[in-house]
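Scrolling down, you'll hit the structures one after another.
Look for chain A in each of the two complexes below; its partner is chain B in the first and chain C in the second.
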Partner chain A sequence: MRKYWQIAKGRMQENTAYSAWYWAGTLASVMRLLIIYFFWQAVYANQTTIQNINLETMLTYIVIAMLLQGFVGGVGNELAENIKEGQVAIELMRPYDMIFKMFAVDVGEKVMYLIQGTIPMILIAYFFMDLSFPKSPETILLFVVSALVGIWIGTFFDFLVGVLAFWTVNVWGVRVLKETLITFFSGALVPITLFPDWLRTITEFLPFQAMVYLPVSIYSGLITGTEAYMALGVQLFWLISLYVLVRGIWSQAIKQITIFGG
Partner chain B sequence: MRRYTKLYWEFAKSHMKVMMEYRIDFLIGVASVMLEQFASIFFVKVVFDHIEQINGWSFYEILFIYGIAATGRSIHQIFFDNLWTLGWQYIRPGKLDRLLIRPVNPLFHVVADRLHQDGFGQLIIGLIILGTAIPQLDLVWGAAEIAMLVIMIISSGLIFVAINLFFATFSFWMIDSLPIVWAVFNLSDFARYPLTIYHKGIRMFLTWIIPYGFTAFYPAAYFIDKSGYKEFALWTPVAAIVCCVLAYAFWNRGLKAFASTGS
Partner chain C sequence: MITVENLKKEYKLVKRDPGLKGAIKSLFNRKYETKHAVKGINFTIEQGETVGYIGANGAGKSTTIKMLTGILTPTSGKVTVNGLVPYENRQKNAVNIGAVFGQRTQLFWDIPVRESYNLLKHIYEIPEQEYQETVAMFTEVLNLEPLLGIPVRQLSLGQKMRCELAAAFLHRPKVVYLDEPTIGLDIAVKVKIRKFIKEMNQRWGTTVLLTTHDMQDIEEICDRIIIIDGGTILYDGGLEQIKKQFGQQRVIHFELADKEKFVLPAALIGQAAVLPNEEETKVSLSFDHESVKSSFVISEMMSMYEIGDLNIADPKIETIVEELYNKQEKGGEHEKVLANS
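What follows is the complex of A and B.
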């Protein structure tokens, strides 16, 4: 009897390991929402607007930005590990395009994340906070398109960082570096309009704002009308440029493999 | 004790060699951690460009809170970072069994197995933040105050260690408690801002249950009179010692209950 109990226990341990990550992630998101909520409440305690943004719009922006940022990551991590462990050599022999294969994996993961992670969080956020909805269906449509493009830009960028594993050993450090750059310059923490002028100018020339700031600004009404369509144009520019870059660097990296594999 | 000091030195020496071998990676690690910290401070700065104070706290006062947290955390990150890996590097692959038959304290062995390079970035940025914030605060600094600051920072570091140790210990029962450790560690983000901005329930929780409040806010409040927590802040070192004792006792219990994965 005892051995069967051990088997049952082993399976329970395995399962909790996976679901534990889910609950840990949910808990961490809820905590971030709480910090955001109380922090901005305190910031707005003595004023009604900052740069013409009121508390409701600000909270809407920050919360949507936080949720969207969860999708901006991608397959870079897995790719880096594949490279480190040499798995990539076998992957390359398989009858598919490795880049597309990675993106397919990524889409699967993000759909699950949307269902398990984001939708519950949206419900919690809208239930407990005073967040606003976009005014027109056109805005919603624009936001969805813009968010999808932003997510793809993030995925491409992540792929580029993952490929760096061919050249560096401290993959963890590079990841932290990447995440910091994205968190900061994407406008995930605070609308870029609040940045000092010089920094805003720099940000406008970087691809990061196209990942979070532009879509979320469309959603929360910071960018409207023709400006919204212009923003979408900027995003498309980055999407295409990064894709070209991904292809270019990947073909370079593959040449590197033959050196590694000897 | 002397044996352990010597042993730790031997461990540390070999880590240094590894670090020097991968110099670029060492620099990437340090730089990335520094940039990470810098970004979150810059966020606070951007917000303060548009307002005067948050809940009565000025920019430099918040920076001061932040600096204590960052410096305290660096102690934890440099010397005790390996606690994170207890589950997947020791228990799951059965490596812990090997440690258990060696004539050293297993906790010591796990801790000494790694000296985390990126923690030095944390330390540097923590000191820079403190160095920026302190001259801007209206404080008189004598030897007593400096000694107190050092005690507070060490206490802060010990609380980080104790909380991680406590939750890492769950690995003895569930093989890898990393998700729990990570989720709890996230709570320390609350401690970046004055606890007074939060709901009372959160404040109580961060003081009495998971005492991250003692890693930054209370130590900082000791030096800032108007906070009204000057006396309460004196409990910080006591809280640190209590946390360490509890966490170590729990670790020993876990070790007793431990059954190997057998792999």
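What follows is the complex of A and C.
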């Protein structure tokens, strides 16, 4: 366990190597937040509700979704590059489990993102925007658990896409497709409740909504009570299925490397 | 320490007809071509041996090393390293081995070297005191002190290689695989690296398996060599023997005014052989330094032809391998030059 924590720490150090780059990331996050904020202000200029969602709830949803979306990515890209460039061979010679190692790297990345992007955004949102907070401590607790599960679902999914580098030549295309699917179907762009019925039905069967939509809906009160626990159940289902899938495909990929030489 | 029995590795490659038509055809009907990278090799390496593993590019060296480290699974045959089958116990095996691949880095690109070592300490679970001692010693022998605070990406190739080498030995592994550790380095760095490898071998009894194209590396580090070509072992034995057998081979390149007219001087027939040389004005002669002196070959050539320039080449591993290979071909049967395996 200790070595994985050290790996995560190592990654945090690496991320601070280019300090200008680091702070540019902060600026970009804050800019995005402001753009989204004023966009929705403008949308609501001539109406008080859209499908029964008022401005305050909408903004709360969008901002929290944006904060979460920043964590939904993962190390898939890096894994894909490792595989393509053959660096994975060196990784296989190390006394650690490669999946856990990549997850540790991911944790390192995300801790840094938390400091670099999330915290500045939270501060600005807290002081300058009228957002609502969950009423009960139970909701807060549910949200935290749900958000963590959602983030891991995103991480696993990203890892899965990364491993696909073994079988597809054009990883970039797959990644763009993945980004688009996630942004849209996770509900990070607009709440899924605004989708037409048929699209919403499709969305309910995909893992993406478990990454952002479910936790944010718990936070902003779109999902409450038993429904909230059901949502958490759905998330856990995806979390476990994706993990099993990641393990399975990874061991297949390892066989591919070790038998065919990559 | 290391035993390899009848080890084979085959790759399946997709065979394609040329052109777009071939590319489309291969989408529907794939033909595979089997490439035999390693064709059933055997050897045993004892604890503390320093073995040079040599052969031309594509001879099967790297494939063998990858199977020994556990990165590749053999098609058939058996490998054990320190009692473990590497590709089945990858993580356990990893603790016992260290490796340097001259073409790849295993340090962390963006953080200072010292931090990389610190991370390796945790990954290999090296006890703190042992780690401190090791780093102190490496710092002295490899002169790392000025490099420790610099990120790897800012190091020169020579500096980087010294750091890589230290990383490979950091957890005091029982076996170290060095795949072309001196590639692209200047003489001063090469000397330092050779000295370091030797010292580690003597101090800790580390078994070293080294591949290189530099004869000097082999001479200074190894006491045994294994030569591989086309996936089979051509020679396995002491360095001294092979030097006696083949190291006396000299090659001289002559630049002639008129290559067309060249025939081997009568005095040299049976003593020297003409090697193929693609350059239009050059003729290369190979001969045994023990039976004919270089000066004799040169004076014979000078008396017969107008020589523009000449240069005497060092015996290269490639020439030795070629020599061995030709010998085997001529022999016809599978009579290998096994000195003491």
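In this section, the second predicted complex is superposed on the first by the 242 of 262 C-alpha atoms of A that agree within 3 Å, B and C clash if a C-alpha of one lies under 4 Å from a C-alpha of the other, contacts with A are read in each partner's own complex, and residues count from 1 in each chain.
Simple rule for what comes next: a contact is a pair of C-beta atoms (placed from the backbone, for glycine too) under 8 Å apart; a residue touches a chain by one contact, two chains touch by 3 or more.
From a predicted model like this one, the values you see are computed outputs, not experimental measurements.
Participant: With both complexes superposed on chain A, which partner does A:E138 reach: first (chain B), second (chain C), both or neither?
Facilitator: Neither: A:E138 stays clear of chain B and chain C.
Participant: Quick one: is A:Q13 in contact with chain B, with chain C, with both, or with neither? Answer first, second, both or neither.
Facilitator: both
Participant: Check whether chain B or chain C contacts more residues of chain A in the superposed model.
Facilitator: B
Participant: Quick one: is A:E204 in contact with chain B, with chain C, with both, or with neither? Answer first, second, both or neither.
Facilitator: So A:E204 meets neither chain B nor chain C here.
Participant: Now for A:E227: first (chain B), second (chain C), both, or neither, which partner does it touch?
Facilitator: neither
Participant: Using the superposition on A, tell me which residues of chain A are in contact with chain B and, in the other complex, with chain C.
Facilitator: Residues 13, 17 of chain A touch both chain B and chain C.
Participant: Quick one: in the complex, what on chain A touches chain C?
Facilitator: 2-3, 6-7, 10, 13-14, 17-18, 86-87, 89-90, 92-97, 255, 257-261
Participant: Write out the stretch or stretches of chain A touching chain B in their complex.
Facilitator: Residues in contact with chain B: 13, 16-17, 20-21, 23-25, 27-28, 31-32, 34-35, 38-39, 41-43, 45-47, 50-51, 168-170, 172-174, 176-177, 179-181, 183-184, 189-190, 194-196.
Participant: Of all residues in chain C, which touch chain A in the complex?
Facilitator: Result: residues 11-12, 63, 66, 69-73, 87, 90-92, 94-95, 97, 99, 101, 104, 106, 108-111, 115, 118-119, 122-125, 151 of chain C touch chain A.
Participant: Please give the residue numbers of chain B that touch chain A in the complex, ascending.
Facilitator: 22, 24-26, 28-29, 31-33, 35-36, 39-40, 42-43, 46-47, 49-55, 118, 174-177, 179-180, 182-183, 186-187, 189-190, 193, 197-199, 202
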